[in-house]
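To keep things clear, I will list the structure first and then write my remarks on it.
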Amino acid sequence: MISDIFLTIITMAFALMVVFSKKTVVAAFALLMTLLSIAMIYFQLGTVFLSAIQVLVNAGAVAILFVFVMMLINLEQFQNNREKGKAKLIISSVTVLVILGVFALIINNNIEVLTSNNIADNSMKALFEKLFNVYYLPFEMATVLLLAALVACVVITGQDKAVAKEEGAKHE
Amino acid sequence: MYENYLALIPFFPLLAFLLNSILIKNKLNNVQAGLITFMSLFISFILVVMTSIHVLNNGPVSVRLWEWMTYGNIKFDIHFIMDELSVILSLMVTGIGSAIAFFSIGYMDHEEKVGKFFGFFALFAFSMLLLVHGENFLVLFMGWEGVGLSSYLLIGFWYEHTKNGNAAKKAFLANRVGDFGLVLGIVGYALVFNTISFTDLAHPDMAIIMANKEVLIISSLLLVLGAAGKSAQIPLFIWLPDAMMGPTPVSALMHAATMVTAGIFLLCRVSNVIVNFSIVLDVIAWMGALTALLAALIAMTQRDIKKILAYSTVSQLGYMVLAVGVGAFSTGMFHVFTHAFFKALLFLCAASVIYGCHHEQDIFKMGGLKKKMPITFWTFTVGFLAIAGIPGFSGFFSKDEILTMALTNPGNGVWLYAIGLITALLTAFYMTRMLVLVFIVEPAKEDKHDHGHAKKKHDDHDDHHGHGALTAHESPGVMTIPLVLLAICSAVAGYIGLPHVLSHEHSRIFQDFVERFVAKTQGHAHLSAQTEYILMGMTTTLILASMGLAYYIYVKNDHVKMRDSLKAKFKTLWTISSEKFKVDEFYELAIIKPLYKFGGVLVDIVEAHVINGFIKVVTKVTSGSGEYLDNNKPERLEMGILYIVIGLTLVLVAIFNAFIFR
Amino acid sequence: MDQLFLVKFLIPLLWAIGFMFAPKNNEKAIKLYALIGSLVTLAYSINMFMDLPDTSVLTTLFKFDMPLFFNLSYTFAMDGLSGLLLLLNAFLMLVVVVATWEIKTDKLRLYYFLIFTLTWAVSGSLLSTSLYGFYVFWEAMLIPLFILVGVFGGENRRYASFKFFMMTAAGSILMLASMCYMSALAYKFNGSYDLNYEIIKTLGLKYDGFLSPQSLIFWSFAIAFFLKVPVFPFHSWLPEAHVEAPTAGSIILAGILLKLGIYGLLRFVIPLFPEAVDANRDIVMWLGATGIIYGALTAWVQKDIKKLVAFSSISHMGYIVMGVFSQNPFAVKGAIFQMIAHGISTPGLFIGVHYLYTRTHTKKMDMYGGIAAVMPRFSILFFIITAGSMAVPMTCGFVGEFMIIMGTYQINPVVAMVAATGIILSPIYLLKMYHLTALGEMKHEENKSLKDLSLLEATPMIVLSVLTIILGLYPKLVTAMYDGTINFFVNKG
Amino acid sequence: MENLNFVQNVLIFLGLNAVGLLALNVKNHGKYISFGATLLAALVFFGMLFSQEVFTLSELFSLEGNKILLLKIVSIMNVFMILINGYNSLEKVKNSILMSYMFMGGVFLLGANDLMTFYVALETVALVGYALVATSDLENSREAAVKYLIQGSVISGIFLLGVAFYLGATNGLTLVGATVVNQEFYAIALGIFILTACFKLGAFPFHAWIADVYSNVSRGNLATNFFISKIIIGYKFITLLQLLLLECDPHFQNILMMIVQWIAVASAFYGNIMAVVQGQFKRVIAYSSVAHTGYMLMMVCLNPDEAYEKQLIAYLVVYSLTATGIILILNQFAELNKNKDGRDILKAGFYRNKGLSVMLVIFVLSLAGIPLTSGFAMKYMLFTNFFREGFTLEASSIFISSIIGFAYYIRFVSDLFTEDESKMSLPTIKTRFSESLVHVIILVSIFTIGIAPSLFLGLK
Amino acid sequence: MSSIYYYLAGFLFTLGLLGTIFKKDLISILLCLEMMMGGVSLLIILFSRSTGVLESQLLVFFTIIISACEVAIGLSLIIALYRKKQTIYTDDIKIITE
């Protein structure tokens, strides 16, 4: 129970840091920490596999990717990046509060059901049996997705060069 | 055989119209064009005479040409009839018409577009014959509008002058106001009686009349409005004086002899119905009486020879209508008959004078024409005597009978009689004034200051001849022959309708003949012969006195001075009269201008701001809201997200609401 | 069933397509081709009418079910009324081609293409008796006219054509909505979306009050047609469209397109929604009567001759709507006659205006005056047509107006009397027009050298004038064609 | 084992695309090989669809009936899009490969029977969509792509929230035959699905991306976006929501339907009103697509029905075809104008290329719903259905909004026929064969579907 | 286990949403997106526990993959944009119409 609250507070603190930090690098770091604490929550809930994936992919790869990009871009000029529109602030705060409130109320309503643990077999084996016997299709889809994303990234970032090259070829 | 004649009667004028205006118009010279029209009318006249004799002996002839339309039992046919009523007008139209056509050959000699003139003339004759011979309302109405149209064309014959055009337009519009009533009246009659045939209406079913009293009264009043339009009665008499813008022979034929009497003709056609409604008759009677008086008053002070004659026509038409209004339809027709001759005569004389004076129309610029134009003078005198109502001439008989009938009309007889008598005296006065000023006195010398004003139209003529009256000359034979013929007719025409007291054997031949068709005069007290003699004598004396007064004022020495002093004495009356009671101005101010303004308001406000405004508002709202939305569209990235978030919130709230209030 | 029907029917369209392949620079050949086309169209229209066994009932000429289009069926049928309007349509196309023979444009092929497609669409909507088919052609009419006005029109053509298109299209959308509603109902009853008379009558659309289905459908249809006619408060597109449209557009618009609104009312609204028609009869009759006076008064104060004629159209169409909705057989008969009469006189006026415009290059009436002196032939013809327009007896204009007034009088005398004021008002503006153009003094020097009409130019006006008079004297010529159909357009009880 | 056929074909498709991808690096003729491989893959896949009536892989994936029909249409259009892209430029060929991936995502999306497959496929389509926008060679393509991506990712997160609630509501992820345990969660899940559908199709409050994307995407990419993204997502979402709404508690069902109706009507009005004031024609089309989305979304409220599905397919296909045709032609006009995207690009168009203009007029009129074009048939059918199901008020108001639509559609026509001196002097527009081919195909289909909508689509 | 993780998940989600609205540069927005996805993933795991549906953990697995791809594409786009416009501020990517 106490660990729950502790983890929650840590996660929330880092999450708030992501949003409210003025430096993007700090925000990225805070995100990394947020994701790590989520991974810890996963671990605590018994979903070990996901916890590992979370650490590996999200915390490891993605955060690094962010840092890479930040290095590519001259981040010095993009500081102090919080918006200050008052109306927007009020509107969105209200809406977000409403979302949160409704969310909380509905959850609260079903709290008995929701806090029970009904998973009989939480083992990795059972999970992977599901994955490869039933859910192989989305898994394969995910590979296609990754491939597509790869191509997309290449095309997007390489476009300028390619266009320049082709135009050059045309001129010649 | 007579049926064929009947069908052919309107055909010849139509042929003449087509020949003159369309088919061979470029190959004719003036005389040929005139001859074509004259011949067509004359042939028709012969046919009319032949048919009339048949009708006199054997009753009406009718011919049904083709079916125009049917509605239930109502048959709208092109159907001609020659009955007692049409005989008279038909004879007048073709007879007097051919005389005038003959006259016109001379009168229009020097004009341009004479072919057109004679074409329209023939068209008028054709329309008039349609009107007269129509067996039902439809054909009558066709002719009715046809004469309106040809009158419009002839009034606007010299269309180069905007004034003439306006006069023509005015005539047409006033007639159209009448037509409005006529159409509705026809419709009302047709729907009540289930027929539009005059033959049927001559013997209407009293049960129907009693059952539909209100509708019929309204319809009859509407018909009266129609008649008022065509016959130039109050409130629509204003067009007739202006109609004198046309060539004078035209005025003689249309605006004096035939066309304007169509209203009386129409009322006679439906006499058997309207005679049942005393209120309608009263309206007609008062309308006629007042018109007669008003027109006579105006005629007193006019300067234009044609205008005077025009107002006298209106006045005489008032007499006729008065006769109809007191239920003496046949008498009314009798006056139509006699009036046709003397008024045509007077107009032709005026035409002759105008021709002789090189298109000078101001009577104060004439004078002394007695010697220069003797034939014209003498024929004019005959006409003058007839219209003034001197015993022995045709006008006397008809006028006297009307007055008698008015006097004996139950209810308001005395008043109508009084008005009629005053009008008769006024008529005698202004006719004498005219006769004197035109023919007898020497031309006045001092009205040079009026010279500019005198130049009315055809300035070129005036320029050449200086003072028109000074160089006047007698008209050629082609013009004087009709004058003489008409003068004879004017003198003797009255003898076919002698009053009872004068001749027991030959009394009221005309009236009895007409009363075969029209409603008989009813409910009038019978006057003793003595009373009638007294009345006649009194009337004649008074008329002679009135003539004498006029002669005294206008012929005696210093008449100018005297006139001026009289003018000063009756200044108000004189002004009102010379300004024609400002009726034109009143209409202009009270009806036309407001209506035009209203049209302007409709265009400027209703059309522009209400109807188009509605559309503009719709457009503006659409494009305005579009602009507004476009300016506030979620262009920025975060706005798009904000919209999504708001959407999400709303969805959640809605569902949560449902969840709470389930 | 006419085997050759489709071929005949498609002739104008095929002819129009032919213009696409016409030689570009040979003006004379194109014009000749157009003339032949319009003659052929007229010929087959006459032929179709002659072949009609009985004018009093709808004779199915061609029918095909469209299993491929939601099982709708498509019927081409013809009775006296549609045949008559078909003749008018073909005749007016010929008139247009002849009257604008001297047209100077570098887009001649487009011009004729549009005219022919327009004619084709009009004849299509006249012959279709299924609602769907009617709607197809109803909409198809809009585009060619839109382009015709938009390309060949006057200065303000863009706005005018937009307005025309938008207002008519708005009406037709309302109609489409009702059609969809009825289709849906039909599907509930019959399992098919098909809409024809019998089916719509079996739908049992209830009428109780304004918000009941029948009333709403009635109004949506009625407004669609009112916008086309146009009836008084819906007319604001008409003056602008007329003023900006080229002569061909004006002639076709005034001559036949406006009548299609009335035709739609007669063919669909009155037989299909009898209770709603009965309930709203007075309203519409008053609208018609108001339109008569409104059109007349507004026409009176116009300075632009084309606008004057346009407003006079509104006035005349007021009569027709009033007659149609009086639901008196005689008035309906008169209304149909008036459609023809208006289809003769107004195109005549527009042709006259066209000749004036091509000579003086202005439409302001102040700039004319005294033209009769230099153009006598024109003046005479123009006068006859004007007389026809102001309903002088013995011209065709009188017949319809008289019948309408008489029929209406039987239903509602007050409206009839109000409407009859049109008799007084119509000469006011028409004579004003005639006086300002033909009569009066020659105020403008440049008008002295105007040429009178050539024989070619005069031909259409002569034909129209002769028709004006013949129909006025012998209206049976026309009424015989549709006499039997009247019962169809009058609700009994 | 017959289903192996499908797997084989998918593998062949992916393999050929991989070949294409690899061949890009071959010097000189790489792009031709790559183009050929991509085209071949698309063609093979298209051919495969005729081999069987039903494709079932597991309980998670099945293609049958209307889905096959839809897939046939989409895959043949995919072939055409690849053809339009052509082999002239390396970038275009790369785009073609991306399109193939998108297409594959679409196939899986269409067949998905559970949320996991659905989600992954949806994201595939979406991600490739972002990339396709970004790789268009127009001026603002990247900005538009960034906008699209961020908003799309937000929606993807929100969708996932819905998935989570769905999971809580039905104790499972399957979309077919799930039993609802918790109605509140179910309602929230459905609400979020509706929201997602609205975003993906570009309905009113979620339309922020649509105008920028439409006006900044090059031809082939946009067409693909239309065909795969719009048709498949639209079809899948709407039919899915129809099904899912059945299970809903009637009270929530009413609320949800109300939300859909409000969004539909609002979209119709918003789209039409916005389109009126747009200067650029592409934006006009974009906003008109918002309006059309409104029309389509109303279908969510109808009961699931075989016939309705066909009509939905027809509507989607017809709309997309027409809009694609218009944008293709607009691009052709824009290319030869100095002012590339401005409001005047169509001025005097008729005198510069008659065929193209006439086709544009017909396309536009089809969108406006003038009879004899497919647009009218679809409109008629759609609204008849709405009336039939008792949505009288909604259908009527949408009809009224479509009156406004005429105003901007007719602007196209009006502009084309306007004579403009400055534009008359521009050179006449020449069209490439592949483009003309596509125009003609669209034209033919517009008229075929307009006159005989049941011919191919089996509509009743 | 307590219900507090549900509120945490909701908090992360909404905070992420807020961040996407308020952050000014694209990279921060992407960060917030990641956080949002993390929150939802947590929610799914929680639901998975309570409903006993094991395979929903796989959904989280895919979610992580997808968000990674998203970030990849997003970042490459940002780079491409940066190359062109030298900015990653959302204010500067406004598309000027007309």
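Order of writing sets the chain letters: A, B, C, D and E. Residues in each chain are counted from 1.
Quick note on the criterion: a contact is a pair of C-beta atoms (placed from the backbone, for glycine too) under 8 Å apart; a residue touches a chain by one contact, two chains touch by 3 or more.
Keep in mind that what you see is a predicted model, and the values were worked out from it rather than measured.
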Inset, instruction - Quickly list, by label, the chains bordering both chain A and chain C. - result: B, D
Inset, instruction - Provide the labels of all chains in contact with chain B and in contact with chain C. - result: D
Legend entry - Of all other chains, the one whose Cα centre sits farthest from chain C: A
Inset, instruction - Averaging each chain's C-alpha atoms to get its centre, pick out the one most distant from chain E. - result: B
Inset, instruction - Counting C-beta pairs in contact, pick out the pair of chains that comes out on top. - result: A-E
Legend entry - Central chain (distance from its CA mean to the mean of all protein CA atoms): C
Inset, instruction - Please work out the Cα centroid separation of chain A and chain D, and write it as a whole number of Å. - result: 29
Legend entry - Between chain B and chain A, distance of the C-alpha-averaged centres to the nearest whole Å: 101
Legend entry - Distance between the centres, which are taken as Cα means, of chain D and chain C, whole angstrom: 43
Legend entry - chain B and chain E: spacing of chain centres that average the CA atoms, whole Å: 96
Legend entry - Two or more partner chains touched - positions in chain D: 116, 119-120, 123, 127, 130-131, 134, 145-147, 150, 154, 168, 184, 188, 211, 407
Legend entry - Residues of chain A engaged with two or more neighbouring chains: 83, 88, 92, 96, 99, 103, 106, 113-114, 134-135, 138, 142, 145, 149, 152-153, 156, 159
Legend entry - Touching two or more other chains - residue numbers and ranges from chain B: 635, 637-638, 641-642, 645-646, 648, 652, 659
Inset, instruction - Go through the chains and record each pair that touches. - result: A-B, A-D, A-E, B-C, B-D, B-E, C-D, D-E
Legend entry - Touching residues (chain side chain D, partner chain C) in the complex: 361, 365, 369-372, 376-377, 379-381, 383-388, 392, 395-396, 399-400, 402-403, 406-407, 410, 413-414, 417-419, 451-455, 459-460
Inset, instruction - Quick one: which bits of chain E touch chain A in the complex? Just the residue numbers, please. - result: 1-8, 10-12, 14-19, 21-25, 27-28, 30-32, 34-35, 38, 41-42, 45-52, 54-55, 57-58, 60-62, 64-69, 71-73, 75-80, 82-84, 88-89
Legend entry - Partner chain C, residues of chain B touching it in the complex: 21, 66-69, 71-72, 78, 141-142, 144-146, 149, 156, 159-162, 165-166, 169, 172-173, 176-177, 179-180, 183-184, 187-188, 190-191, 595-596, 598-600, 602-603, 606-607, 611-612, 615
Inset, instruction - Sort out for me which residues of chain A touch chain B in the complex. - result: 83, 88, 91-92, 95-96, 98-99, 102-103, 105-106
Inset, instruction - Show which residues of chain B lie in contact with chain A when the two form their complex. - result: 638, 642, 645-646, 648-649, 652-653, 656, 659
